[in-house]
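Working notes for the structure below.
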Amino acid sequence: MDYQSILNEIQRKVNATQSSGKVASYIPELAKVPPDKFGMNLCSVTGEEFCFGDSKERFSIQSITKVLTLSLALLKVDTAVWKRVGVEPSGNPFNSLIQLEYENGIPRNPLINSGAIVICDLLIDYLKDPKTDYLQFVRMIAGNDTIDYDQKVAESENKEGHRNRAMINLIKAFGNIKNDVEEVLDFYFYTCSIGMSCKELARTFKLYANHGCLHSTREQILSVKRTKRINTLMQTCGFYDEAGEFSFRVGLPGKSGIGGGIVAIYPNKYSVAVWSPKLNEKSNSVAGILSLELLTDMTGSSIF
Amino acid sequence: MDYQSILNEIQRKVNATQSSGKVASYIPELAKVPPDKFGMNLCSVTGEEFCFGDSKERFSIQSITKVLTLSLALLKVDTAVWKRVGVEPSGNPFNSLIQLEYENGIPRNPLINSGAIVICDLLIDYLKDPKTDYLQFVRMIAGNDTIDYDQKVAESENKEGHRNRAMINLIKAFGNIKNDVEEVLDFYFYTCSIGMSCKELARTFKLYANHGCLHSTREQILSVKRTKRINTLMQTCGFYDEAGEFSFRVGLPGKSGIGGGIVAIYPNKYSVAVWSPKLNEKSNSVAGILSLELLTDMTGSSIF
Amino acid sequence: MDYQSILNEIQRKVNATQSSGKVASYIPELAKVPPDKFGMNLCSVTGEEFCFGDSKERFSIQSITKVLTLSLALLKVDTAVWKRVGVEPSGNPFNSLIQLEYENGIPRNPLINSGAIVICDLLIDYLKDPKTDYLQFVRMIAGNDTIDYDQKVAESENKEGHRNRAMINLIKAFGNIKNDVEEVLDFYFYTCSIGMSCKELARTFKLYANHGCLHSTREQILSVKRTKRINTLMQTCGFYDEAGEFSFRVGLPGKSGIGGGIVAIYPNKYSVAVWSPKLNEKSNSVAGILSLELLTDMTGSSIF
Amino acid sequence: MDYQSILNEIQRKVNATQSSGKVASYIPELAKVPPDKFGMNLCSVTGEEFCFGDSKERFSIQSITKVLTLSLALLKVDTAVWKRVGVEPSGNPFNSLIQLEYENGIPRNPLINSGAIVICDLLIDYLKDPKTDYLQFVRMIAGNDTIDYDQKVAESENKEGHRNRAMINLIKAFGNIKNDVEEVLDFYFYTCSIGMSCKELARTFKLYANHGCLHSTREQILSVKRTKRINTLMQTCGFYDEAGEFSFRVGLPGKSGIGGGIVAIYPNKYSVAVWSPKLNEKSNSVAGILSLELLTDMTGSSIF
């Protein structure tokens, strides 16, 4: 069965399933998204694309951005990143402060909120104009100059961001935030607010399926080793305290966002993005995980 | 032996002891206090006073203020206080966030930072001008109109208050802070910044040794029952995770502050305040605890 | 109002209250106790006694025994006890292992299960025949040679004691249990199985209201200082994670047991025991706490 | 470079490295193993083998056995396994009880001690003679009838197994152990005591590199889907709280044992076993991890 037929089958099957889950409500601006949006896009490393549904409609990528901020940080400071943040699964909800307190303000990994906030603090020291420079980096990887922040989302999240604000102040108390907390938070919320469609996300993440090499220009953006490490982190830490469950059902490295998007990559083969805003209790897209499970089941693709 | 002879003996013995401990350094303004300050003042409920050393020099009362904010809150909203904060010992350091996260933003008791911050939030809703009104209340109990905030201390603490800021944002995330976090923090830091001498503190806390009745005016400020409850809280929660040790050695209800002050009360008999800025690792005054232990040993006074 | 009238009033009021709570079910032998048993006995230090209801019927004293094992341990090894167990409130349920793991097998205090188990281990090293010697000690304080273990209860608890067995093995892993775990557990369960009536318990605990001096013989069993320390521990740690609530409502040092008994003491005045098997969710007797609250409210007795 | 040359290079490089780490001491019988043992064996799915050093000497496979007990449990009860144990990384040391208490006795995954103990309890219900049947299963996969338990190791561990005994009793208290705790522990310690050489281990784990199909007989022992799931678990949970670090450095699913052995698999390509008894502070073999990192670096093999 070819990829397009498989995607069509996924769309049919998922739509036939009694849908559960809830749209994220803690960021008011995101709560407005229609819950039944559903789209998917797959990019093969050979350059083909397959899709269905709302795959061209932009949504807030939220935590998916953490893979990109980490990539930029690795380009800027290399392994010095690992002095400020770990590489282990947290085994805890994405916004827990407990581990931070026990572990003296060193976040478990860069793909949970606390870790991404430390990465943003680090980037501020190395970027002339953090927001502009980061957007340029994302646009370059995406090969798309229309990609942009959503100021409304960023500000909505900032306004209600009590827990992230608690987190950054706790890290600051341990000395692992160097800049002003409000400046760092502002930058962090902007990085999360980027809007992309499944099509744009899948294209962007082709980089990670392609060993760090940009398909369009043949440019080696990330070294093979660095790409492998980022993929490893997506595998072990990309889904908060549901990382094991996702690996178990899907078997590919990936990253979810609270906007309902999920990206996953099959090294050497394809990158894929899916979007459905209704989340399970671990804050991952219900239909998104199911779609990817069907994809790897039907294609027999798995890194294991 | 009369009280004055006992106090003289305490002064002699404590001065002869190799002094350990460190002045609190996390509030820059407090770090400037000369470490060898040492004073004590005892007020009997019958109106006599005894003292030694630097007992008339003002210092930052810090957490001792929490007994007074709680008292005012009980006057304003009565038992509704206990919907927002608990009455159990925390068994944790004074600034831990772990319990807060496990217990959904309800602080264990009103004498730890998180609890006192919730009390300040609550007071803001019931006071016309919180800072002015609180100061009036403290002056009234102290019977002294010269008592005042120390703006420099309040602002020094606010500037470095990352952990308290983490705490209040976490509580806000759970919905247990109603007002703007910065407004609450500003008020909280001011309440902590009040300067008093041992003499002034001992006089102020005579209220709690006297079943809530103001000695000077015979006015019943706090009901007998309320006073008993506040004293109970001092007994079980007044010394963070050293509450048991203090009860064990001293056997009286009391409250310590990071400025090196400690107050204790012996119901029906006396209130006492001692000041020495060098703190043990639990942030309680080393010479302060020793002085009170000697006092209760020599006088045989203990509620047990 | 005299004590007997007050007790009668308590009996009337508590009986009129809608009763809640559940008989402890985790020890099968205890689950058989009729839930509506209710008795109380008060012994004044002057030698008078007052009672109502089932005050002469024996029940399993369970954790109340921990005060007595601690007393014997202090007599045998003095302050060396405090190298093996702390003096701080735990802030956790009575059977939690979490704190033990974080604190390397040193129990928070001797009145929680883990602490009492360490005390039993310690006693085994100092008693020729632990069970016989401990029973002799209890009989001596109680002034009653008919007091005895309840083998059925001890064995019932041993059989279902998975959590206590988990606890002692964890402490052993940290090196804080010296003897064979099964030998220690067997002794521990026997100490808990002692049966006493309210009358017998109140008489036994008169020791602690009387500064360590046995009323009947005028013998000073425990020094004044030691008695004060034990009373302090009852105050801060006698009711698991409800110690604050009990202090708050009753204001006296005390100790509860899962058999539904509670003892409390008012130094210099009286000891009191109450029994009602229905427990609240913190495993303390519902009617027991209410009775003691009424007692201190009506008599105005409080150490605070 | 061919595999044998690469292995030779690994041997040379690792031997040239200042060796750190300590032989596990908590099982007395294991503490006797000479610390400088070092061997490695790689089996390609095509049937070739490569090795160096002490690759034919048997050692105690310890926790590596957990992959095999899980495999047998999946064969016996299929997905019902997941009602008793989770699939998430623990983020905690291998022998922690904290998570167990918070999560009501459901271990995080079957590759940590608590999880493997539950698997053993489950197997006891489905095997006629657990020890004999499990050994038969391992011999069948290993294609080697001489593989055996080491009674001395099993009994040495049982005698000192206070923490595992704490763990199983805690799980029993939550009702997630059905059989007698001593019977389960005895079986568990025997499964851990199996002795194998690197050569034997690598051959045994070829099953997991080969999608569940036994190379020697072409028999499909585990379904492709089940094998994928087991491999996923090795990836995310095979190295206790160092799972991320191992993934990061090596990038292959694997499992370590406290005897100093590590197995890893590269699906479709090879299985590999390495042995060096000196462990880092996370209880994983120092030279073992380094050897596997060199292997995947030099061969460019990684699932990511």
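The chains carry the letters A, B, C and D, assigned in the order they are written, with residues numbered from 1 in each.
Here, a residue touches a chain if its C-beta (ideal position, glycine included) is under 8 Å from a C-beta of that chain, and two chains touch if they have at least 3 such contacts.
Since we're looking at a predicted model, the values are computed, not measured.
**Student:** Taking contact as defined at the start, I'd like the list of chains shared as neighbours by chain C and chain D.
**Tutor:** Joint contacts: the list comes back empty.
**Student:** Shortest hop count from chain B to chain D along touching chains?
**Tutor:** The distance in steps between these two chains is 2.
**Student:** Residue numbers at the chain A-chain B interface: does the shared fraction exceed half, giving same, or fall under half, giving different?
**Tutor:** Copies use mostly the same positions to touch.
**Student:** Using C-alpha centres only, name the chain that sits farthest from chain A.
**Tutor:** In terms of C-alpha centroids, the chain at the greatest distance from chain A is C.
**Student:** Compute the distance, rounded to whole Å, between the mean C-alpha positions of chain B and chain C.
**Tutor:** Taking the mean C-alpha position of each chain, the two centres sit 32 Å apart.
**Student:** Any idea how many Å lie between the Cα centroids of chain A and chain C?
**Tutor:** 55
**Student:** So how far apart, in whole Å, are chain A and chain B when each is placed at the average of its C-alpha atoms?
**Tutor:** Here chain A and chain B have centroids separated by 47 Å.
**Student:** If I count partner chains per residue in chain C, which residues reach a count of at least 2?
**Tutor:** none
**Student:** Provide the full list of chain pairs in touch.
**Tutor:** Taking the chains two at a time, the touching pairs are A-B, A-D, B-C, C-D.
**Student:** Once bound in the complex, which stretches of chain C touch chain B?
**Tutor:** It is residues 86-92, 99, 108-109, 227-229, 231-233, 235-237, 241-245, 247-248, 251, 253, 267, 300, 302-304 of chain C that touch chain B.
**Student:** Within their complex, state which residues of chain B touch chain A.
**Tutor:** Within the complex, chain B contacts chain A at residues 96-98, 101-102, 162-163, 165-170, 172-173, 181.
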